[in-house]
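Alright, structures below, take your time with them.
Same chain, two partners: chain A is paired with chain B first, then with chain C.
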Partner chain A sequence: MTFVSLSRTKKTLLAGLVIGLILLAIYPMAATGYGIRFMLQLFMWVALAQSWNLISGLTGYVSFGHVAFFGTGAYAAAILIATHGWHWAPASSMGGIAAVVLALIIGYPCLRLKGPYFAIAMLGLNEVMRVLVSYFEGLTGGGLGLSLPTLYASVQIYYAAGLAAIAASVAAHLIITSRFGLRLMTIREDEVAAEAMGVNTARYKLYAFLISAFIPGVVGGLHARDQGYIEPISVFPLLTTITMIVMALFGGKGTVWGPVLGAVGLFCFQELVWARFLYLHQILFGAIIVFVVLLMPRGILGLVQQRYHLSRSL
Partner chain B sequence: MVGQVVISGLLAGALYSLVALGLALIFGVMRVINIAHGTILMLGAYTTFWWFHLLGVNPYLSLLASMPLMFLLGLLLQRTLVTRVVDAPELSSLLLTFGISIALVNIAQLAFTSDLRSVEFLTGAFLVGPIALSKSRLISFAFAVTITLLAFWFIQKTKLGKAIRATSQNSEVAMICGINVPRIRLYAFGIASALAGAGGSLVAVMFAIQPEMGQVYTFKSFLVIVLGGAGNYPGALLGGMLLGLVEQLSSLFLTTQLSEAVAYVLLVLVLLVRPSGLLGGRER
Partner chain C sequence: MQNGHLLELRQVTKRFGGVTAVNRCSLELAPGRIYGLIGPNGSGKTTLFNCITGLEPHDDGEIRYKGERIDGLRAHEVARRGIGRTFQIIRVFPELTALENLLVVTWGPFDEAHRRAQELLRFVTLDRLQNEYAGNLSYGQQKLLEFARILMTDPELILLDEPAAGVNRTLLNELLEAIRNLRAQGKTVFIVEHDMKVIMDLSERIFVLNYGEKIAEGPPGLIQSDERVIEAYFGR
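Moving on to the complex of A and B:
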């Protein structure tokens, strides 16, 4: 496919993107405190959905415990900030590295598991991380949680979270348009065939897994700083994994813009509509999951793609 | 001390076997991981609570209500929703059953509140030498073993059970042999839900219950069917007992909190070394 004829559309889109980013960059000057917090969380969700997309959208290996990396990053950063007096920015990066280390330990054996078994192992990983964090009370404060020193840094965290979202999306773009991305997608379509063609599947799956774990680790660190208090239940909920997945799925998994679209759509809907109903919104969320899975498994971009021929890099 | 721990491990294990046999049925017949399995167990537990609370009749008799009710709920879920994702990639069924689960849990919270509820029926314990046996646990154990064995007999001996086993071995060949595979899936989901409902009734007599109790049992059932070999029904029985023992022993030698981590390490080890489970033969 060539895009010579589309170059004008592409230019318009690119210009729109640049204007959008500039607007987001100057937004904090005009925004209320609520507005900043809203956007900040939206950025985090974009990054999380994007990170899940990198491993599961591309390779088809369903990371059903992706929040384990988020929680690990949150705890690593919170411990560095609270007990070692680190600045939150390097601490969050260390959160990302902690998540990568965990991914290396878990990914090496578990990425050999196929289909549902990998999903079960990842689900279990999340449970175990929560148990371990509660157990090592000396380090993590156990079930009582960990409080960080008070700091008003919403605007800085807004930019950091925005940067994380952009970095995750750029990473997704680079990977999806590269040979590496093609190899990952070959694994998704047919792993045996990929191996037969000479793709070192074990190695590429692991690379994708590590990159995919780094992002939620950093976001977890930012989340810990933003909230000022974390506890095992608040940073290891299965619901967060599911939300990431549904966002990626809703927008269109395996694409660059799908997770962004899905995160924006679902998060806005969640904040604007469901926040008014305490219990009902979870029931509604359940219904939305069922709806998305049954009626639009390829997501918004998938539906658009059926009508128009779109580039994979979209 | 060790004797006491082994006994409590077996008492807990029988319940795990019962609940996991249901999950194994669903996984065996459809290759679907049912995240809502524990949620159905929770609904079974509430059936028993309300039975005892409103009628004041022996809570063990509520099995007569919870099993058929959950059987019907299972049929309904399979007929309307789950059947649409049976042949889809595992992500669809995982998400779909999670969606069902979260909706049901929150409906239960609306209807029953999140308060801890308990059925105070049998308290106290039998003393056998140095070993104390809680009455409610012992009787629940007897029920769990009986129901599990009945279900197992049903799968092994009856015509429908044979059809279920055939479908879980190879659904396409089963279809060629004249087995109505969609109907078998429907029954399998119903029976599995009835087993979860029975498990819930027995849990309600032993422990306090609340709407979010199910997730733990879903996860433990995963452990059991992996230990025993997915879709391997005798394996589920063995796996349940084994999980009960491992949990109790590791909480004796380590701490209660770490026992879950030990069970997970066991899960990963079994998945890596014997992916078809402890009793499994060839890998499928």
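Moving on to the complex of A and C:
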């Protein structure tokens, strides 16, 4: 076995992390409007990929409808802002709570389903939510969407999204390095054995699901405020779920830093290529999915971690 | 504890469609002893274990542990009451390390759990592999790890489904020694095993299943010469 002496490396990494965070904190002072919006979206992706990782990377229950929580949060926050005059910060928190409530309602029946059935149920949930939102026009504006009062708050939302990304990553770290996180992983590894060893798998799955729903709910609220306008197709797109999944898989599911790495790598790649080659971008994105699934099912960090016997939290 | 029995089965029946895997099976286990469960392939041994541990709901009958009904409880509840088991087909958590496989089944203070886990890994000679993924261990090592994982939960009743299968002689002797040690600590062990020598040496009392029915029960010496048992195993 190759044990890398970690304490030194760890200190360097930690120092790098602190410097990085300081740079990100002062970044808006020097940045262009584009730069701020770019980073703001990147933060949101980090948070989304982390949230998917918590349920699917740890327990193995692959959610194909995670954007449902994002959309629910977006609508809850937008309604509070637009029709009740709430400030966007508490409104976004309520978006998170709305997503948790949704997760609580559907979690119990859905989490009894195994493998592909759970994935498909979640896919269905997203469609149902989109239809519901379109249907209740009085509340949501239906297919016409919902406009929020104009507000220039990119910098504040930058910090809020950054906070969401940090909070999601800290949560991931705390969970993955704890016995709670290990118990979630036993569900992925062998749910029957986990039960037989005394793990209340139903309850643990639900906890993971609720935590995992809260984050996209908040991010959805921030997204609504950031965009100033939402409609059913813009906040419930399947592509968003797929992007979160690919980010987490690419970086390394079940690890703390995998979703961060995946989100940064893929989002930067997307932005760079997107502007120049629209079609090439889509082909490349598809190619990355195939490549990751076939050749690197553990993702980049998964490979490194196995190779050098590193912990999931680095 | 009702009339001193640790585990008590009354007329337990389990059907799978047309197959009656366990048929009105009754038995009692007293604390601090080693029991054997034998029977031809498909006679319902694993299914009986699954019923006791709550993994398969039974269709009829009663299961009592320390005098209380445990049938109807979910598997994790049964486990937390002190019944641990291993599986006929190994079920370690492959992408958790050997150490994590043990830590994850503990609920008490972490430091204490960690100390105990390392002690147990030493006991099953896996201490040098504690940071290796369980899935990378050899078959025998995984079997030992699964055994250690049970001990980690400190159960009072331990169900072992074919612990000797696929384990080499030296390892086997250590395993048998470990099982006897458990008895010395006052644990009750219930073992399914096809290796007759192992089961006859180890058990104080043996139950025999055939087509889901208990056809004999008694000390090893008597079981070996029991007509029905010989018939079940070798036919007429």
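Points worth noting:
Just so it is clear, the second predicted complex is superposed on the first by the 306 of 314 C-alpha atoms of A that agree within 3 Å, B and C clash if a C-alpha of one lies under 4 Å from a C-alpha of the other, contacts with A are read in each partner's own complex, and residues count from 1 in each chain.
We adopt the following convention: contacts are C-beta pairs under 8 Å (C-beta built on N, C-alpha and C of every residue); 3 or more make two chains touch, one makes a residue touch a chain.
Everything quoted here is computed from the prediction, not taken from an experiment.
In the model built by aligning both structures on chain A, chain B fits alongside chain C without clashing.
The larger set of touched chain A residues comes from B, when the choice is between chain B and chain C. After the superposition on chain A, the angle chain B-chain A-chain C between C-alpha centres rounds to 80°, nearest 10.
Judged by the touch definition given at the top, the superposed model places A:Ser56 against chain B, while chain C stays out of reach.
When the two complexes are overlaid on their common chain A, residue A:Thr72 makes contact with neither chain B nor chain C. With both structures placed on the common chain, the touch criterion links A:Gly124 to chain B but leaves chain C unconnected.
By the touch criterion defined above, A:Pro116 lies against chain B but remains apart from chain C after alignment on the C-alpha atoms of chain A.
Residue contacts after overlaying the shared chain place A:Asp190 against chain C, while chain B stays out of touching range.
Taken over all C-alpha pairs, chain B and chain C come no nearer than 8 Å in the superposed arrangement. In the superposition on chain A, the residues of chain A contacted by chain B and by chain C do not overlap at all.
Of all the residues in chain C, the ones that touch chain A in their complex are 53-55, 74-77, 79-80, 84-85, 87, 91-96, 100, 103-107, 110, 131-133, 149, 153. Touching chain B in their complex are the following residues of chain A: 56, 60, 62, 64, 109-110, 112-113, 115-117, 119-121, 123-125, 127-128, 131-132, 134-135, 238-239, 242, 245-246, 249, 279-280, 282-283, 285-290, 292-294, 297.
Interface of chain B with chain A (complex): residues 27, 31, 33, 81, 84-85, 88-92, 94-96, 98-107, 109-110, 215, 219, 222-223, 226, 230, 255, 257-258, 260-261, 264, 267-268, 271-272, 275.
Residues of chain A touching chain C in their complex: 1, 3, 179, 182-183, 185-186, 188-190, 192-201, 254, 306, 309.
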